[in-house]
Every structure is written in C-alpha cells, then in structure tokens.
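The following pair of complexes shares a single chain, chain A, combined with chain B in the former and chain C in the latter.
The block that comes next holds the complex of A and B.
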C-alpha cells in the first residue's frame, strides 16, 4: 500500500515540480522547451516555478493537497489504533485534488473567469487559462490514483489496489472522453449564440420543419432530415438482415461445398473505407457511369442522375453492411442445434414445416439483433451519404454541413446530433433491453451429433439466386474500384494510365535518398502513425475493461458495462462534433493536434477491444486466476503473467482491428483533421468533392490493399482465426 | 512415490466461527457454519451438490469472502485477508495448470511470486516434483501429460509453498476409476508423511470414507454431522446421513420403552424384538436404519426373525442383491454368497447382524 502511494506521489511531484504545467504550442512530442528558457519561461515552466515567480497563484492549493498522503502515512504510523485513517486521508486528498483541478480548469477560461459570479466575487482576473499540459495531467492522474488507492484501503473489492485503480481509471477515461464531450454538446444545444440558456430556441430548433417536415408526402419537396435518415435506416436494416440471413443459410445449410468461400466476404467491410462503395456506385451508375451510359445508349435516352439520393445510398449501404448482418446471423444459424430439427423431422414435419416452425423461430432474436445493427450502422454512416446523397439529406451529413458550411452553426449541429443520438441510443437500448438476455441458443457445449437440416427447396433456390447476384455485384464493385484507378478520366477517356498512382504516390530518387513527392504521402504517413499509436492504446483500454467485466465483481458493474459500450451507439459524426466543441478550449485543448485523433479512435473502437477481450477471456477457465491467487500472486501479477499471455490471439486481433478501423474511419475524423494532421480518408473525400475521382480511387485501392495485407498477416500469426468474430482459442488443460 | 522430507509442513488448524455466505442478497450458500480442523488432520467436506461444501472450501482459500462470521487459520484471524495473502494452497478440480508454462514453471510459480532466491526455487521445485514422482518432467507442457500426471503437478505446485492448509476441490473427479484409488492413496500418504492439514471436498462417499481422519457431512448450507468415517457409517445422526453415506434400509418403527439405566430402547418388528441404543430418544415414533450388508437371509432360522418373500434376486458378479417383502416393509439386502442363491418367490427368514440396526430420530 505504502509503495503504491509513494509511486503516485512521485508521479504527482514530477508533474508539479519538473514537467511543463501547460500544454506546449509545438505539440506533445516537441522537446524544444528543454533548451528554450525552461524552467523559468512561463510558457514552459512547471507549476512550482510559476508559483515561485508569483504567477498563476490559484495553483497554490495543489501542492498542499498533493502532500496530504504523506501526512496520512505518518499519522497512520503514529496512531496504529486507527487503521482506517490512511484510507480516509487518501480519499480526501484524491477527491479534493481532482475536484480542485477540474474547478480551476473550468472556472478560468480564455478570457479570465468563466462566470459573472466569479468576477463579482474575486474581481477581474488579469490572466487567462491555458490547456493542461504534461504537468497538470500527471498531477490529475496522481490525484485519481490517490482516490482509488484510498477507496481500496477502505476495503472495496477486497482492498485490491490494482482492480480499484483500473476501475477508477476506466471510469475517468469514459467520463472525460465520452460523457463530458457529449453532455457538453447537449448543453451547448440549449444555449443561444451568447451563451445564455434558452429552451425556446432549443425546442424551435429541435422541432423545426427542416428536421421533421413531411412535405414530401404532399408536395414535391423533400422531407425533414430525420425522416430521411429513419426511412433509409429502416430499409437498410430490413434488407441487410434479409440478405445476411440468406447468406448465412446458404453458407451453413445448403450442403454446397463452395459455401465456405462466402466467409471471406466478412472481411470486406472491415478493410473497406465506408465511402469507397459509394465511389464505385458512382462509377457504375453515376451520370457518366458505365451502366448508366450503356443503358442510355441502348434505349436512346439521356443519362440521368437517378442514383444520387435514396437509391444510391441504399445500394451502397446494402453492399457495405450486409457482411455485418451475415457475421451476426451465421453465429445464430449455427447456434440452432441440428438435433432440434432432426427431432422435428422425426415428428413427421416436412423440411419446409421444420424450417418455418422450428429453425426460423429459433433464429428470431438473432434476426432482430442483425436488424438493429444494420439500423445503427446506416444511421451513423457518413461517407456514403456524403458521396451519393444528392438532395437526399440525412442527419449525419447535415451535422457536417452545419459545422463546415457557410452557416457554421454549432447549435444547429448539436441539435441534429441530439436527434441522431436519440435514434441510435434507442436502438442500442432496445437491443440490450429486449434482446440482451433473451437467447434461444440451443447449443449447450455438449457435442451435438445431429446433421444440420438441408434447406427446403422453396427457400434454397431463391437464396442461391440472391447470393449469386449479390456476389457478382460485389465482385464488379471491387473490380471497378481497382480498375477505376487506372483510367484517365472516368466516362470520357478510358485509356489506361498510371498517372493517378504517380500523382498520389510518386517517389523519386534524389541525392538525399528517397523523396516521397506524391500528394498522398503526407496523409498516408500521418494515418499510419496515428492508427499505429491508437491501436495499442485501444487494445489496452479494451482488454483491461474486458478483464474487469468478465473477472471482477464490483458495485454498479452493469452501469460500468453500459457506459463502456455506449460509445458503440454514438455515431462518429456526433463524437466528432462533440470533440471539437469540448476540446477546443482549455482546460483540455486538443483541437488540431494528432492527440485528438488518437483519442477519438480509442473511444470509437474501444467496444471492439472489449468484445474481443470478453469473448476470449470467457474461454479461460476462471480457476487459472484463482490458482495464481492462492499461490500468492496478486491480481496485477495474475493479470500480467497468466491472463495476458493466454490472451495473445485476442490482443493481436484487437490491435489489428483498431488499427484497420482507424485507417478506414471517416465520420469523426473529418471534423478533427487539420492541415498538419490530415488523414487518408478525409484526403480522399476532399478529392471526391473536387471531382478528382482518379486519385481518390487509386488511393482507396492502395488503402484496401494495405489493410488486406495487414489482416492476412495477422491471420497467419494467429493461425486459425475468424476475422470479426470471436478470435478466442479454447485454452483449457486437456483432461 | 518417495517420501523425501525436503518440504516441511507448517500445518495449522482452521476454525470457522458462525460463518455465513450469502449470494445475490438472499441465497444462503453457507449458513452459520462453525467447524474446527486440527493441525495435521485430513478433513473431508462431503455432501450433495449445492450443499455449500465448495463455498466453504473457497472461503478457507480466500476466494470467497464471508458475509458474516470469522475464519481463523492457526491463531490468525484471516477473515478479511484476500487469497493472495493467505498461507493456503489449493488443488483445483480442473487442476488449473497454466497452459503457457511448462511443468517446472508451473510448480515454481508460487515460489517465484514469493521472491525466493533462485537456488531455493530450483531445490524446492525439484523436491516437489520428486515427491509426486515426476522428477525429470520439468520441461513438459501440461498438455503433454496424462490426466494423472497433471493432477500430480497440481499437487506439487501447491505443496512446494509449504502451506499452513492444503485444499483439495474434488481432485479425483477427472480421473478414471482405477487411477482414482491409486491417487487418493498417494494423497493420503503424502498428507500423513508430511503432517499436512488438508481440507478435502468430494461428493463421493467412498472416497471420503477412504481418505479422511474426519468427515463433515453438509446439507442445505449447514453441517449435518461430523465424525470419523466409522462413526458416520455406523452411527449416522439422521436418515439423510444414513442414506448419503452408503445405502441404508430406513423403516418407520415405534420405540415402546426406554430403559433409563442401560439407555436401551425396545423396538418390536413383528415377532422380532430388538434392544438398541436409544441415542437420547424417548418412547414414540422413530426410524430404524440397517445397512444392506447387515441384513442376512436364511432358509430357516432358530433365532427370532422376520418372515419374507424374495421379490427380486440379482446377480452382480461379486455379490447378490435381494429385495425381500415382509409385513414390515421391503428390505434391500446384499450377500457375498453367490453360490447358494434364493430365487424370486422363495420364502426366507430375515435376520439382522447384532450391531446392524441403528435408531434414528423420526
């Protein structure tokens, strides 16, 4: 216990006395400050030197609170009759310290005091707040762990310092980087331009006809964006579920040998940036698309822009999200025990009756689950509507245009984000409430010697047809993406060229070595760097959270789980808007940095890490942990030496998925990129908006190939693993 | 298995004082249990599944925390100590060998965690492996061992820490029948040679009878009876214990009178009059328990006996099993005599061994 306190005390003092207190203008990784006036220059000074020079005097309570734990240790030695004293003092120091750090951070803004009340109480402040830097962060961290160590000392979770610390840490992260920005955004939605609270304006915005209008029913105008999004999401949910079910049935119950070839399909949505399908649709069905011009020539009519709008987005999203539904449903279809169907058949049901009355009802929860997933994905999709939307506005793109468009109306963006959030959260809530516990899974882990029933003919034949059409279409679409990168100008000049690749990825040898002069290299390297930074952090946060969820019992565990999985239901655009609103001003000033991108990836992809971890950890016999504990190892050591080594496949999977997802993400990224930190996806979108399809497609192809290589390498490393699904290997001692 | 004493025992007693464990607010897994295990004693917790025996064991280990009451190991109150800080080792039902470590690393894990120096770790680990007859297996992975060998690795891993108390959670349930007898004898031998305090959980009454100094029979989160194997078998406290440990014929009877001086109770069954230890009961309804091997069937009897008719007669290899219908219920009897058998429908005389019948409270 005392060693833990000493460690965090050291961290806190390091933050207070040694490292620069405020954020550095040149970014997190610059070390110019070391030679440039440190430690006296107030830009780089540690808090100690600031105080000694009479600056930022409001920081003076911090060292007092930091040293409280020392007092606690001394007192608990002097008064051994009060064993709980140390814990109480630690809790006090941690809680007060955190509260004070946050209070001083938020009370003082860019223009001095943040509130009139404080001005009246203390007079004008001739100073301003800067963002928290290294020093302030370390001090916050040490206060946080004082608090958790104190709580542990008072007996929570059997007094386990590591577990309580980990729980506290995850809660702090989720609070700071999910709850705070989202709540901050909600509150900004009810403020008018001058920062006054006005519910009138909020409600008039929330219920405006631009969002909820139903003009499309009566006149030739478009409906409100909320209806557009809703209609689109319902269609996508229903159709992807149907297609996914058909695929799952063909893959498992057709008796077709080639069926296992369908499985690699599930990798596609993971490695494909979301708008790339949209691009391919344009190449096929756009004004100068291959199919459009062919049909127009054939029928002698003028090509139209019919694909822009609902049809285009729908097709693109169906192609993008059907594999996800397939992924969910194949597990469900396999979960129906063959012996159920055999029982039905021995009771004289025909194949069709068996399918209709036994198989299908048993799949019901899975079907509902797939529908809700499709619904959420469609609502949150940003890339395809942006590329293909035309006049069909949906919530996610409207949010974007409210921020970057001429209007730059953050309030409007916040209101739209709230509407979007209400939709996705309701679906998320419904999924968990209504389906979470209900499971018709009939597999018990005992071997089932039955053979899956072959589908009845009237289901099988339409299924084959659908699957064939879809597969051919998918192949054509990906062929288009590949081919499009080598075409001079799509629709006009179809001669083969390498010029797009050269423009984007040109490399010349100079005297100084390789010179990456292609226009895409910048964003490509940035993307790689940021994705590579985010991946291990995402995996770490995800796996620690998974460990807490699977292996530990503590108060409010359900709320904890709900909170950590919440970011799954928050669309990227909403996270993007919330982040720029929350982290544009002190005390956490991150806009325009690479850090904000990394953070957004960590919290967008955390659920992936959690799921991989939970799935793999549930396969580990709990008595392994217990054996380690009874042999005298503490939880931290058990986690490090037993759990982590046994979870290697899951760790690798979580790493690769968070890496790949960071490479392909667009919705949150597009708000958070800056000139200095541009990402591949936003660069491509920029090229699309300039009608520079050649480079966009060449770049997309490159990304897909890179990620395919990454995923394949991982599959080789892990050996046998199913991408996107549980990557767990059963590790129990053989008996 | 050699009995090299390079590993010492720090055997300590275990004491439960009114320990209760409640799950999820209202499910009592263990209800006000008080028990005492002497240092160097092998005590078995025996009972049907769900009786609380495993929870009791896990509370000794510190893997479950008590809801109320207190636990002492030796002189120390360990009620609030987590598993890590208790000087207790456990052999798990699944053995819980770490699959990513070889045998040596598994056995030395606890020693490494306790930060012993390298020489001691090497020495103790090797002694431990020798003790269970696995010297030379250090480089193998657990998956390369047979079930019995894995089990011994688990025992060695627990032993090398020289724990105050060694716990076994159904250690034989994953072994086949022949190996079970051998391994349980080895465990008993180690325990007596090293003088270990062992608490052993099983639901197999034969296993319990064979290994234990003392058996604690548990039922419905409480203790039904505690005593030596012979006590429990021959003097069960109630019909639950009588039936759970071995089979028993249990019949409703009337105690007609109790002699205050000798403490003998008189029970009449037909023309059979028995004088049995009253075990504190007074005249009135009671139950009579008789083990099947204490019931003998005779073609003719000089002593008073019950008259009956054989209803079933089954040959099971090394003995005969009979069901006999009498005016006083059906009796299940086994007989070693497989040469002269009674067929179904034959009239027989039923007599009891002298120490056979036991009175139980109604």
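The block that comes next holds the complex of A and C.
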C-alpha cells in the first residue's frame, strides 16, 4: 500500500515540480522548451516555478493537497489504533485534488474567468491560463490514483489496489472522452447563437418540419430527415441481416465447395475507404452509367437519375455492411448445436420444420446483433449519402452541413445529433428487450458429435442465387475500382495510364536521398502513424475493461458496462462535432493535434475491443486465475502472466479492427483533421469534390492493399498464438 | 510476442521517417478554400520563395469560416486564402480577421480594393469570376432539348429534371446565385424565378461546383455554377458548353484574410503581399483556374470568360454579404421555395 502511494506521490511531484504545467504550443513531442528558457519562462515553467515567481496563484492549493497522503502515512504510523485513517485521508486528498484541478481548469480560461458570474463574484482576474500540459496531467493522474487507492484501502473489491485503480482509470477516461464532450454538445442545443439558454428555440428546432415533416406521403417532395434516416436504417438493418444470414448458412451448411471463397470477398468491403463504392455505383447505375444506358437502350426508354436517393444509398450500404452482418452471424450459425437439430429430425420433423422451429430461433441473438449493427452503421454512414443521396437528405449529412454550411449553426447540429442518438439508443434498447431473458445456450461442456443439418431445399436454392448475384456484383464493383485508378479520366478517356499513382505516390531520388514528392504521402504517413498508435491503445483499454466486466464484481457494474458501450451507439459525426466543441479550449486543448484523432479512434472502437475480450475471456476457466492467486500472485501479475497470454486471438482481433477502422473512418475524422495532421480519407474527399476520381481511386486502392497486408500479417500472428498457448501452459505450473 | 514487437517497431520507424519535421523553423498555417491543386501550388510556391514551412488545410469557405469561428478564442490559423468573398466579409464583420493594408494595393484592380473597403480592410479580393451555367452537349442532344441562352430559358418545362444547382444553405456559389437573381429581377420577381426553377431542379447539391461536375460526367444536363468552373471542365475534355446568361449576371470576388490573433502574423503578411504579386497570380493558369486575377498585370487565359465583355450587374457585396440580409434571404428561400413540390 505504502509503495503504491509513494509511486503516485512521485508522479504527482514530478508533474508539479519538474514538467511544464501548461500545454506546449509546438505539440507533445517537441522538446524546444528544454533549451528555451525552462524552467523560468512562464510558457514552459512547472507549477512550482510559477508559484515561486508569484504567477498563477490560484494553483497554490494543489501542492497542499498533493502532500496530504504523506501526512496520512505519518499519522497512521503514529496512531495505529485507527487503521482506516490512511484510507480516509487518501480519499479526501484524491477527491478534493481532482475536483479542484477541474474546477480551476474550467473556471479560468484563455480570457480570464470563463463566466460572467465568476467575474461578478471575484472581479476581473487580469490573468489567464492555457490548457493542461504534461505537469497538470500527471498531477490529475496522481490525484485519481490517490482516490482509488484510498477506496481500495477502505475495503472496496477486497481491497485490491490494482482492480480499483483500473476501474477508476476507465471511468475517468470514459467520463472525460465520451460523456463530457457529448453532454457539452447537447447543452449547446439549448443555446441560441449568443450563448443564452432558450428552450423555446430548442423545441422549435427539435420539432421542425424539416426533421419530422411527412410531405412525401401526400406531395411530390422529400420527407423530414429523421424519417429518411429511419427508413433507410431499417431497410439496411433488415436486408444486411437477411443477406448475412444467407451467406452464413451457405458458408456452413450447404456443403458447397466454393464456400470458403466467400470469406475473402466479405473482407474487402470492410477495408474499403468510404466514397469508393459510391463512385463505382454512379459509374454503373448513374444517368450515364454502363448498366443504366444499356437497359435504357434495350427497352427504348430515356435513362433516368433513379439511383440518386434511397435506391443508391441502399445499394451502397448493402455492399458495405453485409459483410459485418455475415461475420456476426457465422459465429452464431456455427454455434447452433447439431444434436438439437438431429433430435428434431428424429422426432419426424421435416428439414424445413427443423430449420424454422429449431435452428432459426436459436440464431436469434445473432440476428438481433446483426440487425443492430446494420441499423447503427447505416445511421452513422456519411460517405455514401454524400455521394449518392440526391435530394434524399439524412441526419448524418445534415449534421455535417449544419456546421460547415453557410448556415453555420452548431445548435441545429446538436439538435439533429440528439435525434440521431435517440434512434440509435432506442435500437439498442429494443434489441435487448427482444432477446429478453430466454436461454439460447446450446453448447454445454459435453462434446457434440452431431452433424449440422443440411439446409432444406426451399432455403438452399434462393440462397445460392442470392450469394452468386452478390458475389458477382462485388467482384464487378471492385474490378471497376481497380481499373478506375489506371485510366486517364474515368468515364471519358479510357487510355491506360499510371499518372494518378505517380501524382499521388511519386518518389524521386535526389542527392539528399529519397524524396517523397507525391501529394498523398503526407496524409498517408499520418494515417499509418495514427492508426498504428490507436490500435494497441484501443486493444489495451478494451481488454482491461473486458477483464473488469467478466472477472470482477463491483457496485454499479451495469452502469459501468453501459458507459463503456455507449460510444458504440454514438455515430461518428456526433463524436466529431462533440470533440471539436469540447477540446478546443482549456482545460483540455487538443484540436489541431494528432492526439485528438488517436483519442477519437480509441473511444469509437473501444466497444469492439471490449466485446472481443469478453467473448474470449468467458472461455477461460476462472480456476486458472484462482490457482495463480492461491500461489501468491496478485491480480496484476495474474492478469499479465495468465490471462493476457491466453487471449492473443482476442487481442489481435481488436488490433486488426481498430487499425482498419482508423484507416477508413471518415465521419468523425472530417471534423478533427488539421493542417499538420491530415488523414487519408479526408484527402480522398478533397479529390472527389474536385472531380478528380482518378487519384481518389488510386489512393483508395493503395490503402486497400496496405490494409490487406496488415490484416494478413496479423492473421499469421493468430496462427502463431496457438503455438504460444502451449508455451504458456508450460510456464503456468512454475508461477 | 516477439514478432508483434518487431511489427510495432517497424510501424513506429515508418512513422518516424514520415515525421522528420522536428526541427523548429519559421512556419505558416494556411487555410485554403480554393481547389486543391491551386492550394498546393500556392503552398509549395511560398515555401520555395521564402523557406517558410507551410502547413495547409483545404476546406470549403463555409467549413473554414466555421473552423475560424470555433477557434476564435484560441486561433490556430494564420492566413485564409481563396473561396468566395462572402464568408471572408462575414469573418471581417464578426471581427475574426485582422485589418491589413498591403503595399501591393497599387497594382490591383479597383474591384479588389472595393472588396477590401467593404470589409473594413480586413479582407481583400484576389480573383473574380462571373456566374453563369454550363450544359453537357451530348446529354442535351440525346434528350432533344433546345440550347439555353438566358436565365429565363431555364424555366421552360422541357428542362424539367435537367437542371442542377447547389443548396444556398450550404454553398456560397448558390447563395451568390440567389442574390444575383434577386438583384437582377427584383426581390418579388426573383423569388418567382426561383420557384419556377425549383420545378426543373433535379437535385440541390451540397457543394457549389458539384452541378457542373455531374454534368461533365453525364450525370446531369445543366449546372448553374461560376463560369470558370464550367470552363475548367470543358478544358479537361468533357463535352461542356459555357453560357453567359443574356439578361446579365452577378459575380464573386475570391477573398484573402489574415486571422485575428494569428500565431505567425509577420509570415501571414509576407504571404499576403506575395499572393497579390503578378507572377504568383499568373501561375493560376498552371492549375486550370480560369478566374480573372486581381493584379492588373497578371496573365489570363484565352479560355477564361472576359469579364469586360459580359453584362455584369452592380453586385452589392456589402448588403448581400451581411449576415442579416443573408439569413433573411436564406430563410425566405427555405420557407417559400424549398417547400414546394417538384
């Protein structure tokens, strides 16, 4: 216990006395400050030096609170009759310290007091402060862990310092990077342009006919955006689930030899950058698209712009999101125990009866999950509606244009975001209700020697047809994408050229070595760097949270789980807007940095890391942990040496997913990119806007290849981990 | 475990190669609202001319205004170059940009100076372009449509479903169109025109030049855009014909402004003066930007529409660039035009 306190005390003092207190102008990794007036220059000074020079005096309570734990240790030595004293003092120091740090951070900003009320109460401050830098961050962290150590000392979770610390840390992260920005943004929905609160404006915006109008039923014009989004998302959810189910059935239960070829086909759309599929669809089905003109010639009618609007978005989203449904459902379909189906057939049910009354109901959790994923992905999708939407406006694009358009209305964006959130959260809730408390368990500890039932004919034949059509369609679309990168001007001049690749990725040898001349290199390296940074962090946060959820019991665990899964239901556009509103001003000043991109990826993708971790951890018998604990290891050591090595597949799944997502995400990214940190996807949008399809497609193809390589490398590593497991078992007895 | 470490190390080292900008140097954060290749040309050109490192972000003028507004209490940008003048004027009106009188002013066209004066010298004109429309010859022929020549031609019922313009709520180009029509025909008749046009519109796009790009690719027939955007598509090789409407037309003046509270104000001024010089402005032809440049001696392309031969209205930038008039017109368009059935 005392060693833990000493550690965090050291961290806190390091932050207070040694490191620059405020955020540095030149970014986290610049070390100019070391040579440029440190430690006396007030831009770079640690808090201790600031106070000694009589600056920023409102920081003076911080060292007092920071040294309270020392007092606690001394007192608890002096008064051994009161063993709980140390815990109480730690809690007090941690809670007060955190509260004070946040209070002063929010109260005093770049223009002195942040609110009129404070000016009236204390008078003009005549001073100002920037955002938290290294020093302030470390002090906050040390206060946080004082608090958790104190709570542990008072006996929470069996007094386990590591567990309480981990819970506190995850709560702090979720609070800071999900709850705070989202609530902050929602509060701007009830403000008018000048920052005054007004519920009248809020309600008139929320119930405006632009959002909820039903004109499309009676007149020839578009309905409100909310209905548009809802109809689209319901269609996409239902159809992706159906297609995914069909695929999963064909892949596992048809006996079709080529079924294994489905898997690579389904991976492709997941690693495809946004817009690309939309562009290919325009070239196929647009007014002058190949298919449209062919059919129009055949029937002797005028080609139309039928694809712009609901049909186009629907086709593009089905192509993009069916693979996700497939990946969810294949696990479930494989998991249905064959012996149950055999029992049904023994009882003289036909194949169709068995399928309808036994197999299908057992797949319900998978179906519900797949539908939910399709629904939310469709609601949040940004690229496809932008390219193919026509006059069919949806919430995600309207949010974007409320902010960037000429109307420039953050309140309107926040109102639309609220509507979007209500939809996604209701879907989340409905899914839970539908699954209810029924048991879907079919796998028990006993082995199952049954053989999966072959599909009934009336399911099998339509399935084959659907799968073939979809596969051919996917191959055609990707063929076109690949081809489009190599032609002069897509749709006009089809002479083969490499110029798009050269413009984007040209490299020249000069006397000074390699020179990356291509216009895409900058964003390419930034994207790789940010994706590679975000992936391991996402996996780490996700797995630690999963460990807490599966292996530990603590108060308010349900609320904790909800909080960590919340970001899953928040569409990227909303996160993007919320981040830029929350993190542009002190105390946390992140806009324009790479850090804000990394953070947005971590918290957007964390739920997947958690799910992967929960699934794989549930398969590990708790007796392994107990054996380790009995042999005297603490929870941290058990986690590190027993659990982690056995979870390699889950770790890699989380790594792959978050890496790929970081490379292809657009909805949040578009708000957060900056001059120095431009991402590949936002570069691609720029080219698409400029009618420069060639470079956009050449770049996308390159990204697809890069991601394929990364995914393949990671899959090789999954193969290795099985060997690793045997090694892990050898080590286990010696612990 | 080891392999993973190596992989991580490899990625990190790749990243490190790309991140060779640790050395502190003179720098300039540059927001650009013109087309990407032009933005790039300006950035690299300035780097080569001065050795100052330029960090560029390209966003539309609406997006950039939103960003500068969001960052107002803690500005990150230094200079904002390109994009229609209205958002620049709006920024000047809201005190987001810095007053600066460049020594280059003597070399500029009077309209560029007039633009500066209506923004209280917190912005300046760098190029100008007239509004018009373009059509795709092949699609027009395939549909047996007559060749349009005036604004009012676009109201003919045979063009139903063939005309595209941007949504004035999201695009500066489309707002200029709305303001032009109102100034050309008077407010009442102007709105009648917009209502008639609404019946023929197949899509209100989000971005200003999207209608002509769609027309270029045969996804649309007629696109209402700035003429230089249409000329560019024609010059690329698409079957686009450019029309200067017979009744006369409005125009935009592309703006440049220095962000108030910029972190590198001297470099921003250096860029400002440099960007107004004739040599630099002549280079716009390299990227097929066919606007008329503000420096009197800058070269222009024979393809570029000659502003002196067009019937230009006396566009009131001060009035129609102001926030109040803008919100009023947009609201009226929203309430009276966009709600009609098509």
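Here is the rule we go by: the second predicted complex is superposed on the first by the 689 of 735 C-alpha atoms of A that agree within 3 Å, B and C clash if a C-alpha of one lies under 4 Å from a C-alpha of the other, contacts with A are read in each partner's own complex, and residues count from 1 in each chain.
Throughout what follows, a residue touches a chain if its C-beta (ideal position, glycine included) is under 8 Å from a C-beta of that chain, and two chains touch if they have at least 3 such contacts.
Bear in mind that the values here come from a model prediction, so they are computed numbers and not experimental data.
A.B. asks: When the two structures are laid over each other on chain A, do chain B and chain C clash or fit?
C.D. replies: fit
A.B. asks: What is the contact status of A:101 with respect to chain B (first) and chain C (second): first, second, both, or neither?
C.D. replies: The answer is neither, since A:101 touches no partner chain.
A.B. asks: Go through the superposed model and pick first if A:674 touches only chain B, second if only chain C, both, or neither.
C.D. replies: The second partner, chain C, only.
A.B. asks: Applying the document's definition of touch, where does A:313 land relative to chain B and chain C: first, second, both, or neither?
C.D. replies: neither
A.B. asks: In the superposed arrangement, which partner chain does A:629 touch: chain B (first), chain C (second), both, or neither?
C.D. replies: In the superposed model, A:629 contacts chain B only, not chain C.
A.B. asks: In the combined three-chain superposition, what is the angle centred on chain A between chain B and chain C, taking C-alpha centres, to the nearest 10 degrees?
C.D. replies: It works out to roughly 180 degrees.
A.B. asks: Between chain B (first) and chain C (second), which does A:158 come into contact with in this model arrangement: first, second, both, or neither?
C.D. replies: first
A.B. asks: Applying the document's definition of touching, compare chain B and chain C: which contacts more of chain A?
C.D. replies: Residues of chain A touched, chain B against chain C: more for C.
A.B. asks: Is A:684 touching anything from chain B or chain C once the two structures are fitted on A? First, second, both or neither.
C.D. replies: neither
A.B. asks: Tell me which partner A:566 touches in the superposition: chain B (first), chain C (second), both or neither.
C.D. replies: Neither partner.
A.B. asks: Quick check: superposed on A, how many Å separate the nearest Cα atoms of chain B and chain C?
C.D. replies: Shortest inter-chain C-alpha distance (chain B to chain C): 12 Å.
A.B. asks: Can you name the residues of chain B that touch chain A in the complex?
C.D. replies: 61-63, 65, 80, 82-84, 86, 88-90, 92-100, 109-110, 113-114, 142-143, 147, 150, 157-158, 161, 167, 174
A.B. asks: For chain A, which residues are in contact with chain B within the complex?
C.D. replies: Touching chain B from chain A are residues 155, 158-160, 621, 623-624, 626-635, 637, 641-642, 645-646, 731-735.
A.B. asks: Report the residues of chain C in contact with chain A in the complex, numbered from low to high.
C.D. replies: 1, 3-4, 7-8, 11-12, 14-15, 17-19, 22, 24, 29-31, 35-37, 40, 55-60, 62-63, 65-66, 69-71, 73-74, 76-77, 86-87, 139, 143, 161, 167-172, 175, 202-204, 206-207, 210, 213, 216-220, 233, 236-238, 263, 326, 330, 339-342
A.B. asks: Quick check: in the complex, which residue numbers of chain A touch chain C?
C.D. replies: On the chain A side, the touching residues are 25-26, 29-30, 32, 109-111, 215, 219-221, 282, 286-288, 302, 305, 308, 386, 390-391, 397, 401, 403-408, 489, 491-493, 519, 521-522, 524-526, 528-529, 532-533, 536, 580-581, 584-585, 589, 591-592, 673-676, 678, 686-687, 689-692, 713, 717, 720, 724.
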